[in-house]
Each structure stands twice: as C-alpha cells, then as structure tokens.
Amino acid sequence: MENFIRLWQDSGIYHLQSGQFIMLLVGFLLLFFAIRKGFEPLLLVPIGFGCILSNVPGAGLSFTAFESALAFGHMDVYQALAQTLGAAQDVTAAELAELYKNASTAVQVQAHRVATDYGFSDGMLYVFYKVAIASGAAPLIIFMGVGAMTDFGPLLANPKTLFLGAAAQFGIFATVLGAVGLSSMGLMDFSIADAAAIGIIGGADGPTAIYVASILAPDLLGAIAVAAYSYMALVPLIQPPIMRALTTKADRQIKMQQLREVSKREKILFPLVLLVLVALFLPSAAALLGMFCFGNLLRECGVVTRLSETAQNALINITTIFLGLAVGSKLAADKFLDPKTLGILVLGMLAFAIGTAMGVLVAKFMNLLSKNKINPLIGSAGVSAVPMAARVSNKVGLETDPHNYLLMHAMGPNVAGVIGSAVAAGVMISMVSAMG
Amino acid sequence: MENFIRLWQDSGIYHLQSGQFIMLLVGFLLLFFAIRKGFEPLLLVPIGFGCILSNVPGAGLSFTAFESALAFGHMDVYQALAQTLGAAQDVTAAELAELYKNASTAVQVQAHRVATDYGFSDGMLYVFYKVAIASGAAPLIIFMGVGAMTDFGPLLANPKTLFLGAAAQFGIFATVLGAVGLSSMGLMDFSIADAAAIGIIGGADGPTAIYVASILAPDLLGAIAVAAYSYMALVPLIQPPIMRALTTKADRQIKMQQLREVSKREKILFPLVLLVLVALFLPSAAALLGMFCFGNLLRECGVVTRLSETAQNALINITTIFLGLAVGSKLAADKFLDPKTLGILVLGMLAFAIGTAMGVLVAKFMNLLSKNKINPLIGSAGVSAVPMAARVSNKVGLETDPHNYLLMHAMGPNVAGVIGSAVAAGVMISMVSAMG
Amino acid sequence: MENFIRLWQDSGIYHLQSGQFIMLLVGFLLLFFAIRKGFEPLLLVPIGFGCILSNVPGAGLSFTAFESALAFGHMDVYQALAQTLGAAQDVTAAELAELYKNASTAVQVQAHRVATDYGFSDGMLYVFYKVAIASGAAPLIIFMGVGAMTDFGPLLANPKTLFLGAAAQFGIFATVLGAVGLSSMGLMDFSIADAAAIGIIGGADGPTAIYVASILAPDLLGAIAVAAYSYMALVPLIQPPIMRALTTKADRQIKMQQLREVSKREKILFPLVLLVLVALFLPSAAALLGMFCFGNLLRECGVVTRLSETAQNALINITTIFLGLAVGSKLAADKFLDPKTLGILVLGMLAFAIGTAMGVLVAKFMNLLSKNKINPLIGSAGVSAVPMAARVSNKVGLETDPHNYLLMHAMGPNVAGVIGSAVAAGVMISMVSAMG
Amino acid sequence: MQQGVDLMLYGMGTVVVFLAILVVFTTLMSRVVQRFFAEPDVQAAPVRMVESDQGRVDARLLAVIKSALDQHRAKRR
Amino acid sequence: MQQGVDLMLYGMGTVVVFLAILVVFTTLMSRVVQRFFAEPDVQAAPVRMVESDQGRVDARLLAVIKSALDQHRAKRR
Amino acid sequence: MQQGVDLMLYGMGTVVVFLAILVVFTTLMSRVVQRFFAEPDVQAAPVRMVESDQGRVDARLLAVIKSALDQHRAKRR
C-alpha cells in the first residue's frame, strides 16, 4: 500500500501545478504553430518539446542538482544545505534559493556537491543548457553554420545596402529605451541588462538573440527566444502593412539596376575585411562575428568543402537539436509565467515593427541623396529574418508591379541585417557589462 | 641500462595480470562474434574494442586520475592522498580506494586534484565514460535516434498489441525477483538496485539497459550491456524453441487481418499522446520516453527533415562510437571477472526466456477474449530487440504456413516492447531510489 | 562623453600591441598559404583563422577567466586574487600569473572562481582548447578517422616496408638531440619535454604532433602544429633534392615487383595484431595507436559501415574545425613570438630532412641484404605526411623512368610512417614523464 | 526479498496499467482523427501517392538529375 | 533611464559608423580586386559559366553519374 | 644532454624493435590466413571484383538511379 502511495506521489498528476499545466499548453501551442503553420519549425519543434519536458511535474528535467534537492528533498538535505549556505536549520526552500543566488561561486559549488551527496543530480535539460548555451558554444556554432550558408554576393554587388541593415537595427535600441522607460514608470521591472536582451529580439536573428540573452539575462532567455523565433515566423504578417503605409505606389514601383556579378575573390576577401574591422573596432563582437566570418570563409575559400558541408549540415543540425531543447529548459513555469514575459512579447513585436519602418524610411532617405534609386521595399529586409524578410519584400513588390523581382536586391540588406544585429549585440554586451 | 629496465617496466607484459589476459580474450571474443557472426556489430565492435583497450596492462585508459595514482604512483602521492582522505601515512592502495568510495563529493574532488598535481590524469576511456554515460547523455541521444527510426504505423493500426509489449516485460520483473532471491539465499550478493539493473536486460533494449545500469549499478554496467546486446543477437536461437513449445500448430497458423493504413496525423499525434501520459503518470520515465517521443516527432512531423536525418545518422553514429568504447571501459578485469557476472549472464538469459514466454501466453489469452484473433507468435516480439524479434516471429510463422507473413503484425508488439521496457525502467529507477 | 571614451577604450585599436599586430599578419599569411597555395587547407584555414581570433586585441578569446581578470580587471579583482594566491595587495599581473602557474590545482580552481565572481569568463577559443585538446580527445578522434581512411593493403603486401617507416623516424630523435644540444650550448632554452615535442614534428603527422605537444609542451603547441602542417605541405619542395642527392640514376630506375592482392581477412586482422603488440609492448602508445586501429577495424570489418563512414566524415570534420580553432588559441603573441619559435621552425625542417634522408638510405641498405630490390625513392615516404610523401616518391620516380609508377609501393612505407611516429610518440611520452 | 516482491508487483502493475491507458488513448486519438480530421489527409494523400506513380517518374528523374547537377555545381564552386 | 538613452545613442551610433566603415572598405576591396587582381577570375569565370551552359550538360551528366558510381562503389567496399 | 642521448638511443631502438616485431607477426598472420583461412575470401573475391567490371555497369547504373530516386522520394515525404 505504501508503494501505491509512493507511486501516486511520484506520478505527475500529484505534482501538477497550474503553472506547469499552462506551460504544457504553451509547449503544445508552439508545436502546433511549428508543425501545422510552419513557424520556424527547425527551432520551434525542439523548443516546444523542450518546454513540455521541462514542465513535466515531478521530473525536474531542467533542474540543477541543487534545485532538485530543494524541490524533492527532505529535512536532512535541507539541513545540510542550510549549513553550507550559512542559514538557520529551519530554513525554507525559497530562502535557500535566495542565499544560493547571492553566494560566491565557491559556495555554490559546495552546495551542488552536498546535493550530489544526497543523491540528486542535474536534470537532462539542464545538462544540455549548461553544455550548449551557458558555455556560449551552441549559438556561436549555429552562427558559424549560418555564415557557411550565407552568400554575400548581392551585398557585395551593392554595398550601400549595408546602410539599410544598419537602419533596421534602430528597432533594437528603440526597444531598449522602451523597456527602460516602462521600468522607470514602474510598469515593469527590467534592469538595463534585461532591456538590452529584450531589444535584441528586434535583431530578428535567433542565435544572436540567444547568445545575448544567455550573457545578459539568462532568466529571460526562454521568453526572448520564443518571441524572436515567433516574430521571425510572423514577418509576412507584421511587415507588409508597415511597408505599404510608409511607401507611395511610385516608391514601390522603382526598378533597380541588375546586380553585377561578384568575383570569387571578392567573396573570399569580404569575410576577412569584416574580420579585420571587427578586430580593430569592435572586439566585443569578435566571438559572434568571428564565427560568422569563419563559416563564410569555409564556404567561399573553395579548398575546405568537406568542412563547409559539415558546418552546414551535421554540425548545425546537431547543435540545433540541443540548442532547442536547452531553450525549452528555460520555459519552466516559474520563469516564463511572469508579467515580464508579456512585456517581452509586446516590446519584441514593437522592435520588429520599428526596425521594419526604419529600414523603409532610410531607404527612401537614401534615394534623396543618390541617383541610383533603391526600391524602399527592400529596406524592410534589413531586420534580417533571413530569408523570410527578403521574400516579403519581393512579394509586396510584385503586388504593385508583377514584373519587378526584388528578391536578389533584398538579399543585400537581409544579410547586412545579420551583421548589423551582431554589431549591436557586441556593443550592448560591452556597454552593459561596464554599466553593471 | 636503467632506461631499459624502465622500458621493460613500462611494457605491457611486465604489468600483465591473469585477469587482464582473460579480459583481452573476452574482448577478442566479442569482436569475433560481432564481425564473424554478425552479433549486434554496431555496438559489440566498439564494446569489444573498448574492452581490449581498457585492459591494456600499464596503460590505465579506463582509470580516473585518482585510480591511476593508486595504480602507478609512488610513496609521495600515496602520502598526499592519505592526508586528503584522512588516513595513516602507511596506508595501502586498497584502503585508499575504500576511503575514497565512502568520502563526500567534496573530498573526492580534492583527492582528484591531488592526483592531478602529481601528474596523473583521467584515462581516455574514462573521459568517454564520464561524458557519454555518467552524464546520461549517450543512451538518451541514442534513444532519440531510435525514436527517429521507429515507425509506429503497425502499432497504431492495432493498438491492442501494446498489451503484448507489456506482457513481455514480465521477464524483467521475474528476473529482479530471481536476483533478489539468489541474494537472500546467499548464493549471490546483489542489492535491490543491482537486481533492478540486471532485470532490465530482459527489456531487450540496449540504450534502456545502459541508462538504467548507469544510474542504479554502474559497476555492473559492463556485464549488463554485454549480456543485453549478446542476447539480443541470440534472439533467433533463444526464442523459437520457446515459441514452438507454447503454441499449437493451429495457433501458429492463425492468419491476421491486414493492417489498415495509418494517417500521417495519427503518427504525428501518437508521440504527443504518449508524452502527455508519461508527463501525467510516470515522470520518472520522462527523460527516456521523452527523448524517444522527441525523435519520433522529428521523424513524423515532416517539417524538420534535416534534424530527423541527423538524429538517425551522424548524431546516433557518433554517439554509438563513444558509447561503445565507454561501455568497454567498464569491462576492466576487476569489475567483470566476478561471480556476479556469471549470475548476470544466467539471469539475463532467463529474463529473455520468460519475457518471450509471457508474450506468447498473453497473446493466446487475448485470443480467448477477442474475436479478432492474434497469431501468438507475434507475442514473442514484445520483448523488443527491434527488429530481430519481429523477424523471428515472421520466420517461425513461415515454417508452419509459408504464406503467412507476420512481419508487419509483429512490428506492433516489437515497438510496444520498447515503450514497455522504458516504462519499466522509469518505475524501477523511481522505486529503487526511494528504497535506497 | 564618458561612453565615447569607453567605446574607444573597448576598441581593438586602443588595445593593439605590436605583437598582436604581427600575429594578425601571421594568421593572414597562414590563410593565404592555405587558400591560395593549397597548404593543408583543412587544418591551416581553421588554425589561421583561430590565430587571428585569438589575437583580436581586447577580446581575450583565448584567455581563461583568470587571464581575462589579469588583462582587463581592476584593483578589486587583483586584490581578491592576491588574497587567494597568497600575495601582497600591491601585486602585479605578472606576479599573479607566476603564482598561479606554481599553485596547486585546488588553488588554481579557487582563483578561477574568484575571477568568475568578478564577472570574467573563459574565452570561446579557450573553451574549445580545453574541450578538444587539453582533454586529449580531438587528436585521438582525428587519429581514429585517419585509421578509418587508411588502407593497409600495400603495407600488408610488402611488410618489409615497415622498416622504412621506422627508419624515417630517426628524424624525430635526431631533432630531439639537436634541441637538447642547442639548449646545452645555451643558444635555446628547451627542456627535455620541449625537445621531445619539437622532435615529433619530424613524424610528419598532425594529430600525433598535437597530441604529444598537448601533453609535453602545451605552450609550444601552436608553433609545433604550424610547423608540422606547413612542412607537410612543403614536402614536395623539401624532399626531392634530398632524394636525388642520395640516389644514383640506377637506384631510381629500380622496378619493383607488383604487389600481391591482400585478402579481406588479413586487412581485418592487421589492426588487431598491431593492437595486441601495442598492448603487450607499448602501453604508453595505447591511446593513439588504439584509436588508430579502432578506426581501421571499423573500416575493414565490413559490418559497421555506418560507423566507419561517420568516423571518416561528420565526426572527423567536426573535430577538425574545433581542433584547428583551438590550435589557433595557442598562437597568442606572447606565446608564439619567442625565439623558441624560430628554433622550432628550424629544427622541424631539419627533422623532415633527416627523416627523408634516413628513409632513403635504409632502403638502399635493405637492398644490400635482400634480392627483392626496393626502389629507394619510396624510403622518403616513410616520414608519413600521407599521401603527399608517397606522391612525391612517385613523381621523382617518373622523372627518371616515365613508366615506373611507385605510388602504390610508396603507400606501404607511407602508412608505416604513421605507425612509426605514433610508436615514437608513446616512447617519448613515457620516457619524458619518467625523467620529469 | 520483500523489496523484490514489491518491485515486481508494483512495477509490473504500472507497466500493464500504463500501457492499458495508452491503448485507450491511442484508440481514442485514432478515432477522433479519423472521424473529425480526416479530410485534409485524404486530399494530401493523392499528391503523395503520385510520387510513386510510374507515370511521373520521367519528370521526377529529370528533377533528380537536375538536383544532382546543382549539388555537383555547388561542390565545384 | 539615462543608461537607456546612452545605450541607444552610442549603440546605434556604433552600428551606423561601423557599417559605414564596412561600406567604405568593402567598396575599396571590390575596386582593388576588380582592377588589379581581376584576370585569373576572368579566366576562371568562363569555365564556371560553362557549368550552366546547356551544351555541356551531357558531358557533365556523365561525370555526375560516374562520381555517383564511384561513391557507390566506395560504399560497397 | 645525457637525457637527449638516452631518449634517442632507447627511443629509436624501441621504434625499430617494435616495427621489426610487427613485421614478423604481420608476415606470420598473412601466411596463416593465406594457408589455413583462404578459401572463403577466394569465393568472396569474384563478387567484389565484379564491381569494377565494366560489363555490369548498366545494371549498377540503374541501381544507382533507383537509389537516388528512393532517397529523393524519402526526402519529399
């Protein structure tokens, strides 16, 4: 009988809390959008599944050994942890968690070992998180793979479009200001680091957003990653109204010069030029842009095809699987079901919208200065969201003139936006660390 | 001259002990069976090779830094370790090992550092073991890959066959009881955790067996993995006599209804249904079955083909290589050459036989209750051992009626057996941890 | 304004030191040779890129958390580290670094945690180094892949050529003696461990050189790896003059007997025979040669094709990417721009030349004893540098007699050279550790 | 010994009960899908069936060769 | 709040300035390559252009099939 | 210096002796296999030789194209 009680107490239903129940629904919703609606399925299928796994009640798959000890431990382990963390013997779990958070690394390691001595261990998803994200490795490896998949030809044929990639990053910084503003008005409680991590959603680049969030605001990582990938998938809904509102029919009909052919050598040299500029002016972006340039050099140099193919296939796929599950581990109820998440979703949407608008407007502004006219519809592609945003530019262009194919032209600002948001990431990491 | 002596003392022959010699032979035997007889070569080639490597005398490839210090260190490191572990200065290696085993994690870490300071380091195979198995990662990743390779179509067309997958797991629990019985009779010395880990051999599923053994009985892992894979390879010898003995000719001639076609949506929803039930009722199996369902969802959802293919190829192959070598590291002489191993081999065989019998008998019993008759030969496939056991059902069926193809019908209980043993694994881990 | 100053102080130019500038040039030079001249691009592209990344001023990508704290930290972290390392409060960075180097592992771990508490973390390239090289894993995995790519057929058809693979390793040991000699003359300052690691350049085998250097002389690893791969690429320039000088026209015209066909079974048994001999006589080479034999067995046994293909493709490619970048992390200015590097480059070249000469001479000597004449041009292939050196033998042979194809004959000593240098690596690691 | 019996009874019990529940829910799920969400699959099916239709193999062969060529070109780049 | 404004001004400024510098250097690099290092690429170009030339597809098809066969043989080994 | 000489003598000695032993055992192994375990390989050999036989390329070409098609279909799933 005792065993039946234990089995029942071990069952998920016994442990199920309303928060976990909601998060399970969120997980299934993400899977539904990913599978049925095709929302960035490569990431949202693993993230959604990770979300469900990390909210399995009583399993603690996303817990550290210490968190497991708090959640499932009895008196004995509480007392041992209390001693390690310097608390009274009748301490509560919440107090222990608070003490742990403020303890030095050395004490945290000790507490971890105490939990281990009592038979608790890190959950599977936490292990994936530690190895893939906390180490910084997974987003960087994916960025390398993205580099190996990126063709800078259209950008090199028309380097001016880099300005559009810069302009669209305004969405990032406007959102940072918005997040700080909400906090100063007392509506939200975002630190400057949180604000920066939220802003990067406007960069419309998944690995960059995850990388920044893992450094500046690990607790918000789940919500930020979900917002970033969801809005990237929603680009075909978010952007067109803004693009139409800010352009005249004449604007949208502008035909652009055909792009010149770009030589192999230029393509080989471009990642190296970018690398040198990063090295000289922006070392804080060296990890992100360095790996991106490395991937692109593997692709273009033509002598390491096998490495390039592995970076584009086996390696990026493996990393994506674990990155997605690891992001899911940050979708535990107590972290995600917070008013902050609502703020993040609203601000993230704003960031996309502002970035889109700014890209279009700067394109129009550039037309005032130059005689090689740019169709302002390609400005919106500067947010990145490769290649979705470029396709949106093309589609909206075709609505007005069915013979005006903008796709290749839009690929320039599109990949420029990837560089732009990586630069923004570097600046923010550097500045926020100094402000800290 | 001194150097010659050192070279000689460094040579393997100088260090060779009879135990290691026997284990080298065991390693070659495993390779022989794997290569010449085709016994589960994907696992037994790496395991056999790992066995040989871990028994290279004087190399210590499967030793931790601490174990290396004990095996190859001199007076100085012994004294330093004695101080760390709180022993007298004239301590022996065996005493130090015993003290280490009972020490807290913190003290073990300290002892490891002392060994490092004296120039000892973890052996290659131990590193593989730590990363691949002790972390729990490798069996789970392989289970994900198995999920991505599994077609639940035949099971969905005839869900009743899940009962056969349940029935065959009786082999597991009967063996647990047997192991406990042997111990209570004083013939063996298995703890309840050991017994559970041995029983899981009857689950006829490699990654499940390794996962359970790594948690409940790491010292027996080598023998358990070898037994599990060997008996899976021996299924065509073990099962047919039992199947023939328990069925009449009329039983074996039963023709089953052709399986209906299963829609894509059912295949997508099945891993999610399973996941929800695991989440609600069996959180202790969430890691294993969660990864299995994840792999299957990657396969069926149709929108992440590149992830599914990587999970089925590069990722599972890489993991298999290291898992196999790591299992080999647990085949060091002092761990494998133990009366327990003999017990494990006998009990494991029993588990297979009982599981097979129970699967057949329950199939016959189900025929008493239902009018849609089941050919009881497919009951034996419930042990899992995918797809070997299903092929055996088919082959034995063809012996009696050369036009009665049972393969697809047997795939239902076959994959049900994978779920069944993962459930059994979850229950046992949960119950044994609580008993501990 | 303050922010502008900070941005400027964060910029790379502000931090740029002449050493880093030179190393950036070295990195680009390596890329140029790899991409434009085809010098071992699979390794030199990642190494060159890693070199550039690790010398990005102000980024500290190859720093540990402790090194970052020293480089970028302020008074507060210095004082905390001084306390941990037991130094005075007005300690300098150089003094702290020195204290750290001589501290016990336990104290080093403590210092690392202090740096972590102050917000410093391990740089990306250092993480890659720790995981890929310091663990010993990457060179061993690559060696497994090389094993899986190696066909021992030509060697088995003519086992005598193993002697040529032995002879060419004389380059290794002559160079060790040279390095020790230079040190005893006071021209250089190489320890015996340094000398051994430098000598292994003459083994003309990348993973072996990196493996040995990572164990015996991690500080010299960058220069040694660069020298090894560069000279391997330069084999077509280094070897022919030596080969011509040491042979007569009659020597070079020797036609060799056609190689017999080698059966599958011999190919399966060869790695096992080698493994047994390593186990019995040379346990210190068990890790390297064990993995090599394992890869070769995967290839030849014919029952694990999927593992063999993964070892030859996805796995070796992934490992190569990280190994290359990690080697680059050892090309930081303060480690590479040292008179020692010049010594390494000169000695490495010498090692190649001596190995080549010895291979040719021993081939001529063997012709005095045997009636099955060997064309001494294949002796030079004994250095390994697979398959470049064998091609060079073939090419020089064709110069003298356009119908004398030596390629397959040269593959024997070529793969024998891989075994030879792995044996040499094992002996040296074992002897030097004992001398330490 | 008692522990062994416990493990067997409750363990085997859980396995059987869990798989029984799974049978129920799987059957339920299949019925729901077949009754209420069947159409799109019926529509999708023919499209997929065509893939194994011999009549279109020629077009598909062309596509395969084209993709092989593309890949090959990509590699030669 | 001040921090937010700072982050926006200096952050956005850096992005614009950095990408402007990148425009300059990229343009410069392209010009230098096109003017001084163009020939080999011009020579190489036609070879590559031919790849999309329909006239040579037959020869290339043969090559593709040959390489497929080689790969296949290698795998059967 | 003494250490260097030691390393050279004993090191080079070990390499030569080890490879000499390897020559002996390899030769022995080859002889044993050729004399006592040769037949099955002889039977297997012709099958494998056929792979490089030009006469069967047509059949193999078909197989390759079939496998390409299969793979392609599998991906379209």
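Order as written gives the chain letters A, B, C, D, E and F; numbering starts at 1 within each chain.
To be clear about the criterion, contacts are C-beta pairs under 8 Å (C-beta built on N, C-alpha and C of every residue); 3 or more make two chains touch, one makes a residue touch a chain.
Keep in mind it's a predicted model, so treat the numbers as computed, not measured.
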{"item": "Fewest touching-chain hops separating chain C from chain D", "value": "2"}
{"item": "Most distant chain from chain C by Cα centroid", "value": "D"}
{"item": "Chain at maximum distance from chain E, centres defined as averaged CA atoms", "value": "B"}
{"item": "Averaged-CA centre spacing for the pair chain E and chain A, given as whole angstrom", "value": "26"}
{"item": "Rounded Å distance between chain A and chain F, as computed from the means of their C-alpha atoms", "value": "47"}
{"item": "Inter-chain centre distance, chain D versus chain F - centres from mean C-alpha coordinates, in Å", "value": "39"}
{"item": "Chain centre separation in whole Å, for chain B relative to chain A (CA means)", "value": "38"}
{"item": "Contacts with two or more other chains, residues of chain F listed in rising order", "value": "6, 10, 14, 68, 77"}
{"item": "Where chain B touches two or more other chains at once, by residue number", "value": "3, 7, 281-282, 302, 314, 427, 431"}
{"item": "Chain D to chain B touching residues, read off their complex", "value": "1, 3-8, 10-12, 14-16, 18-23, 25-27, 29-30, 33-34, 37-38, 41, 44"}
{"item": "Interfacial residue positions of chain A with respect to chain E in the complex", "value": "155-156, 159-160, 162-163, 165-167, 169-170, 172-174, 176-177, 179-181, 184, 192, 195-196, 261-266, 269-270, 273-274, 277, 281-282, 416, 419-420, 423-424, 427-428, 431-432, 435"}
{"item": "Complex contact set, residues of chain C against chain A", "value": "3, 6-7, 10-13, 15-16, 24, 28, 31, 34-35, 38, 41-42, 45-46, 49, 52-53, 55-59, 61, 110, 113-114, 116-117, 119, 123-124, 127, 313-314, 317-318, 320-321, 325"}
{"item": "Footprint of chain B on chain C - complex, ascending", "value": "104-106, 109, 135-137, 140, 144, 268, 272, 275-276, 278-284, 286-287, 290-291, 293-294, 297-298, 301-304, 306-307, 309-311, 314-315, 427, 430-431, 433-434, 436"}
